[in-house]
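Shared chain: chain A. Partners: chain B in the first complex, chain C in the second.
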Partner chain A sequence: MLNSFSILSLIVAIPFLGMLFTLAAKEAENGKTNNVFNVAVFAVISNIIMILRVFMLVKLNEPGLHLIEKYNWMKKPNIDIIFGVDVLSLMMLLAIHIAFVIGFVGIRNNYKKQKTLMVFSLLFLSMVNGFFISGDIFSFYMFFEAMLIPQFLLLGIFGNIKRKEYINRFFVYNMVGAILFFTAVVLLFNYHKGSLGLQQLSLMNLSNRLEYFIWGAIFISLLSRIPVWPFHYWISSVDSNLRNPMVFIISIIIPLTGLYGFIRFLPQTLPQVLDIVILLLQIISVITMLFISLIGYINKDRQYKLFSYITVYYIMYLLGVLTGKEDILLNIVYSLFSYLLIVTCLEIFSYYLYKEQSEHSVLDDGMLCAYPRLSIVYGFVTLAAVGLPLSSLFMSNFLILSNLLADNIQMGIIMLLAIIIVSCALLNEFFRLRDFEKWNANGVEIKDINGKYFALMLFVCFCLMMSFVKPLWFVFVF
Partner chain B sequence: MMINNIFALFFIGALGNIFLLKKAERLFSFFLLLVLGGISYAFISGYINADYAKYSFSWLKYLDLEVKVDLSFNKNLYQLFIPVLILSVLSVFLSVFNPKEEKRQQFISQIFLSLFFYLLLLTSQNLFQLIVANSLFSVVIFCLINDIDARKKYAFYNFLSDISLFSICSLFYAYLNTLNINAVELYQKSGAHKDLVAILFLFSLSIKSGLFMFHNQFYDMSVLTFNRLNYVLYCGTPTIGMVLLYKLSGILSISDYAEVVIKILALGTFLSGLFNVFFKDNIKEKAVGMAQLSWGTSFYLILMAPDKIMHIIFAGSFLGYLLNLVLYSIYHISSYEQNISKMGGFIKNLKLSFVLYMLIFFCGANLFWQICSPISLVVCAIYLATLGLVLGYLFHQIFLGEIHADERVFALLKNCSYAVYIVLLILGGISVHYVKPDMHTGLLNAGLFVIFLLSFIVYPFKRFEKLYQNENIQEIDVFEDIFDFIIITPIRILGRILWLLVDFILIERTIINTWNAVFSKFLSLLQKLDVSSLKTSIIYVVLSFAALAICLYVGK
Partner chain C sequence: MPNIVSVLPEILLSCVGILFFLINKYRTANTPKTFYSLSKYSLYLFVLGEITLRYFDVKSDFFHNDAMTVFYKIILSVSALIIFSMSCKWFLSKNLNSAMFYALSLWLFCGLMLVISTNHLMILCGGMILIMLMQYALSLLYKEDEERQTGHQFGIFSAIMMLILISSLAYVYHQTLSWDIKSIAMHYKNKSLNIWDNMAYLGFMLNIIYMLGMFPTHISKIQAHKAAILPSSTVIQVLPLLGGYGCFVFFSGQTVVSDFKLIFQLIHLFAFISIFWGAFSLIKENNLKAMISYSCLYAIGVAILSLKNFDKDNLLSSLLYLIIFTVSVLGIYGILFSLKYKGEYLSELSSVQGLYSQKPMLAVLLCVFLMSIAGMPLSLGFIGKLQIVDSFVLLEEYWVMFFFFMAFFLILIAYLNIINQVFFSEKCQNLDRINNGSIFWISVFIIVFLIGILNPAFYIENLEKLIR
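This part shows the complex of A and B:
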């Protein structure tokens, strides 16, 4: 039997080893990169199996971190690296890994610099894994920042972003967040006189001035990852221009890390100093939601519509996290599982259509009519995305909305409006792509998604549906 | 066990949708018809034998929140389910025997699924099951509508309806802290934002049931096959709307105006239906108009006697379905001619059908009268009299008058197919079962006959015929234009303004440009300072002392 002591470290190590193997994998002479692809997918699937194994080992109903692994990094100053998982982090890890598999398979036939893409993606995955299993503030900070390096490289190489200053601003502004976070970590270390577990942090009583600074710094650095106004501008400038689906998937995981940070850092009993900050944050959040949803509705670019959908939902989750209620936190995590899969699928479908469109030089109106397989899965995922009971989004939307409507009816209504508008934008887009009368390329030779890919997508749809029936269905299955 | 039949509906529906047969599709559809017949028999036996066994199991559990699935029946629920079940069986029957039916197996499988979700909705004891069943029912009907434009409008309308219902249930849960459907009545005491709840509920209900202002979604469905259209009209979301009213009737007491508004909407629906039945040339649009007449009346009656909803749905949907079947049959035998203006003089070849249609109408009217007249004599009399007038008007154009049909259509006219006959006779037979030979019935039939004859022979609405040529009336969709003007256009304008003002002018041109300007000024200042002169050395020393002073002050 596998020693549970090393299993979490293995989850970080496997993608890293996968990256090394991918780096060593030989590209085929005809430019195709079967080896690279196979190694990368194998690494991710191996990790999925490991994560499922961890699900078996962990007692999901018990609170706190499980399978704790502790390494002493330095004696002076005394810094320990702690790894641990709970149901929140495991769900995130599983969703990210499935999203990666979908992403890799989606770019299977895109051979341009595929090796580089796979290598940096696996490096990013390794860093993200470290982030989600980190149990102390040092490892949390290290992985929180380390994941930006492969992301920045991927954006630079594959982003196709016309204006390079967008990437620079994006990076600089993430760095500002990083510096603030670092200062908060140093102050906490100094205050606590040693390493600090994440769970201890949320229960700490700090002096008034320190409380202001530490929470302020942490909040700003976490917020810098979430597209809340005015940060949304840089994120949207980058995300909505990305044409490589794998890079897009990676960049939508970044806000997830900010959100997860809020889940981990938000104190059990919020200090009073935070009341006004949280109220302000809530107000800005709902305004951003409405704002982004309106722009998403009028924007004709499919990528921007998807970005607006992603933003609205991330902010909704942020508002849910800020309620601090345990059942909502749990539901948000269940919901994020579906959300990540939905967004990944939509991006991959969008990319497929975009590729076909440029290949055949046709307009995309009514395009789905020529792709029956793609149309089925696209339709399902769109309906799940708008919040119909086809995935676990449904339950979390219900609970978050329930809370917000009760707490502040105005905010609840604005949030509801934003969700309606952004859902209508997605539906509009789907119907535009399905409009048979507008499809004007009947003579063009069309290639629908292949059988294997269709099977994978059907499996993802099945996972989404099962997540609605029982969010942890796979635990009972395996 | 009834539970087996319920899950059989789901599994057969799901499998039928996944494994689509290309060969022997019709044979398999016939098999599905037999299965549905068997399931119907089981439900009817359950009703007769009062099988009220309780089925309840835990579904989701999150900390304090537990969601259960209830599938327990009682007499009322059987009465609400069986009419829809019978109409579904008849739709499946017609689908199997209609050679022109498109994607038959898929359609029948979707009927199975819709019946399952209808059951889930009927038996719901908690709000969560209610909204899930309601939304999934909408999804099934969405799949059943096989035209992209109709589907699009249906999807948008129903999405808004579902999300309104979703918000109401969220509010209930927030304030009552329970999902129990019976606790809704307590909202009057302990809830908040009651007007909002009432408005959202009315909005949701109106869309679901195609009430006035939200009926145009069904007119877009006139491109569907007649059988599909009839199924959606009488077993689809409009029925769900009525069931929601029954299940959440407690909401009506929250607002003083809710009932009045529903009555006004019901009246508007009735009048709008009347308008369309008279003025629309397309026979399927007339069928939708007929359905509107039925919905308007049913809603009005439900508000008068909410506890009689099962009888009202039964009588209303039976009579409406019957009349639409008559129109379907005419459409079928006239070689799928859609326009009434291209018919006329059909009585020469369709004497038997004409007599049958008359008999069927009287049977249906009697059934409706027997069941609903105890609730409100006046409402029933107005509804039936209107139907008499409308049918007289339509039958005159179809059976009497000049022949407008082309030679081919006229040559192919023959009495309707045996499948339609069978269905009409079944429905007629069920209706006859309810007829009581007494003085009231005699008076009703005499009155109805007079009205019908007056409209059929005297033909007082002759002038309306001219409106069939009016393109504005035939193509008009006032409410879509209104919604576009008051909702969609402002959203677009607002979106553009916000994008321009906030993203472009405020952030790009103001904040970023200012930052760039300040930063470059700062850099140029540093460059100016970075020279070896006494003046700059003094400035550096002063700045260092200032920094030191700040540190000392903060440190204290």
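This part shows the complex of A and C:
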């Protein structure tokens, strides 16, 4: 379907324009009108409306990309920028936007360099939107690499990472992946003599050395974004130290881009010679899962527990993608939708508790007892996170896991074990926070989350519940 | 009587340079703006003259005025205009006499104009000598005696290069009895080359390399550039880079590349070393001007390395890369011209610590220009990088591409260090107010960037038309 209104370009442009307006807005001050926050949230909500509109326009049952927009960007080499969406990219876009709203609302009272945070976040969002609506390999690469710059700046300014070399290393190692991707893209251009759609790449036969190199380069570059050994070291060294929830949310979107790349590029027919590579990756992945889940369980830091949960789930999704089954891919996307919302909520709640804890100088044991509203939503989200039938995570993960168990029982069991361990870690943390006997208020004045924020959280819980009933429920509602 | 009409614009500029001294001597109410305005209008006249001559297709035995040379001249004029404008504020803030600076810069500019369009070997050498002398004089400008050491070293090195150039010129004339570059090239095409012929050719090439500031002739130039005042440093760095590249392309195009294959292989080796030398030195360096010099060393290495066959595609990639690089470098200079602390312009990396917390827009723009030099996507530099990598793939130079990426990582690390200092460090001093002149030019660069990113075909197609 050809799109004459350029609605997809608008989805990229709106956060960028929002960023420019945010740049022009007055920096927030305590207790006064927060223009920066209002403009940023307005930009994201406008985009959510646009995305829902795109959902209406797209025939979800038809395969391939919809609402295609094509621009001839350069004649030498001949590069066409193609935008297009399908249900996979739309679900991701929607989840990321909702996560951004939750994140923005969660940090609305944090006035320290808020403008900077909003500006770079919106820039990042614009790049991510470009990435998810890319319909050709060239624009896919451009946005794949371009999103690193705002992320790098956000990590550096707000990451509170003591050793700046970690951030440099993190960026450089991501760039290694991006350069491999770039090399593959340029080779592909000369190999195919022109632009290449995303779907064409997955149809590549991998028959000669050049094709193997191209595929290998893309494979490694995508893998470098997912916290699988040996890449997990750099990611964990940065992510587990982050104290700003918005930056954390942005940093967990980076592995998503790698995973999405695998969904797009994994060849439909892999030659037998690559079986050993896939097997090796599976072994490394399950070992990483188990390793990270155990560290997460032992570690006392709530942030690290969340990080280990995120890592284990990302790797599980990666293994699911590697099966190459169409129905599994769709379930992964449905599951990722809930997963993103859940981890965003958990991060925001965790941040709220940290803030309260440091403000009142109290221990966090049993702290949730003093925050009834927060406790309700925290409990709901934690239970949804561990896989109870409260979101699309339940059914989709059930299908993914059953398929993986059927494919390789040994690896499936290890994976299941890792998932159980991280779930236990999350539950333990929740019970510790809810332990009434350990709560020692010391007469401090407690401030629960406000009514509006509670309403938003309840709405998110409602969305999660509805995604369990039907993953694309909003298409029928609106 | 030689036809001098085609070189009238250059003659005009040289006369303006002399006029500056007269005005400086006999007019009392001079300000830096006086000389800037004169330079500006003379550059406008120069460009107008060049376009008119091109329009009427004025031919000369000594000069070729084709679309490409006019394009080079216009690009150089625009760059000179930008530098002159930014420098004017510098002289105003320092309350120094700018006559000498503008006169020397205009003569340097004239030298560059001569070397990129002449067919006459004597004029080529004369132009090169003029460029070297002007660079030397600019490096000494407003320096105390004890600070002139690096400038003098640069002068000594320039003198050695001049000797090499004159020796080569004498040898070639003795062999061919001609000054015409094309006739000389034809002469050598029909005979077998001996070691002295190769040495003479290498002598010319070394001088062009010296103008470009490429390995192995770069060290004294970078030191002089580092020590010079900011306006001189900008002129020495930017103008010879573009002009030297034009000279390299025209001289190599007129002479027969295949006959001097060994020398071109040697130049490619120099280019290769330049890339790594530039990248490694950039990591260690703390002086901002020297950092720009090493970035230029890296960039010129990349541009020359991609010129393997001197065919149109190679030329397009290489030229586009260099022009985009120059725009980015001018952007960085624009920022350097805006940063002052108690009236002193900043020159050390440590002095820009925490720039983001004081001047966020400048810090973001600096980041944009740095990322453009590095060739990150969605910056203009990416288009240049894409062209270069594409040309490596077309030439099947996969190893060169691999090493290019290695060097790219090194410069990326260096730029990340700068960004670290600018964005992630606490501010160390309260900077002065920014002047509007630099902001104007930075805004122009950003518009150029935006056009380039949204519609790169606009630049590429026009450039391609010129080359073809």
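Basically, the second predicted complex is superposed on the first by the 463 of 478 C-alpha atoms of A that agree within 3 Å, B and C clash if a C-alpha of one lies under 4 Å from a C-alpha of the other, contacts with A are read in each partner's own complex, and residues count from 1 in each chain.
By definition in this document, a residue touches a chain if its C-beta (ideal position, glycine included) is under 8 Å from a C-beta of that chain, and two chains touch if they have at least 3 such contacts.
No experiment lies behind these values; they were computed from the predicted model shown.
In the superposed model, A:I68 makes contact with neither chain B nor chain C.
Of the two partner chains placed by the overlay, neither chain B nor chain C lies in contact with A:L10.
Shared-chain residue A:P77: touches chain C; no touch with chain B. When the two complexes are overlaid on their common chain A, residue A:L20 makes contact with neither chain B nor chain C. In the superposition on chain A, contact of A:G156 is made with chain C only, not with chain B. Of the two partner chains, neither chain B nor chain C is touched by A:V105. Touch counts on chain A: comparing chain C and chain B, the chain ahead is B.
In the superposed model, A:D327 lies in contact with chain B only, and not with chain C.
Once the two complexes are laid over each other on the shared chain, residue contacts for A:V41 go to neither chain B nor chain C.
Chain A uses no single residue to touch chain B in one structure and chain C in the other. On chain A, the positions that touch chain B within their shared complex are 169, 229-230, 233, 236, 291, 294-295, 297-299, 326-327, 330-331, 383, 386-390, 394-395, 397-399, 401-403, 405-406, 409, 416, 419-421, 423-424, 427, 431, 434-437, 469-470.
Those residues of chain C lying in contact with chain A across their complex are 313, 316, 356, 360, 367, 371, 376-378, 382-383, 386, 389-390, 393-394, 401, 405, 408-409, 412-413, 416-417, 419-420, 423-424, 455-457, 460-461, 464.
Every residue of chain A that touches chain C in the complex is listed here, in rising order: 72-77, 116, 127, 141-143, 145-146, 149, 152-153, 156-157, 164, 167-168, 171-172, 175-176, 179, 182-183, 186-187, 189-190.
Of all residues in chain B, only 59-60, 62-65, 128, 131-132, 135-136, 138-139, 142, 148, 151-152, 155-156, 159-160, 162-163, 166-167, 169-171, 173-175, 192-193, 196, 491-492, 494-496, 498-499, 502-503, 507-508, 511-512 touch chain A in the complex they form.
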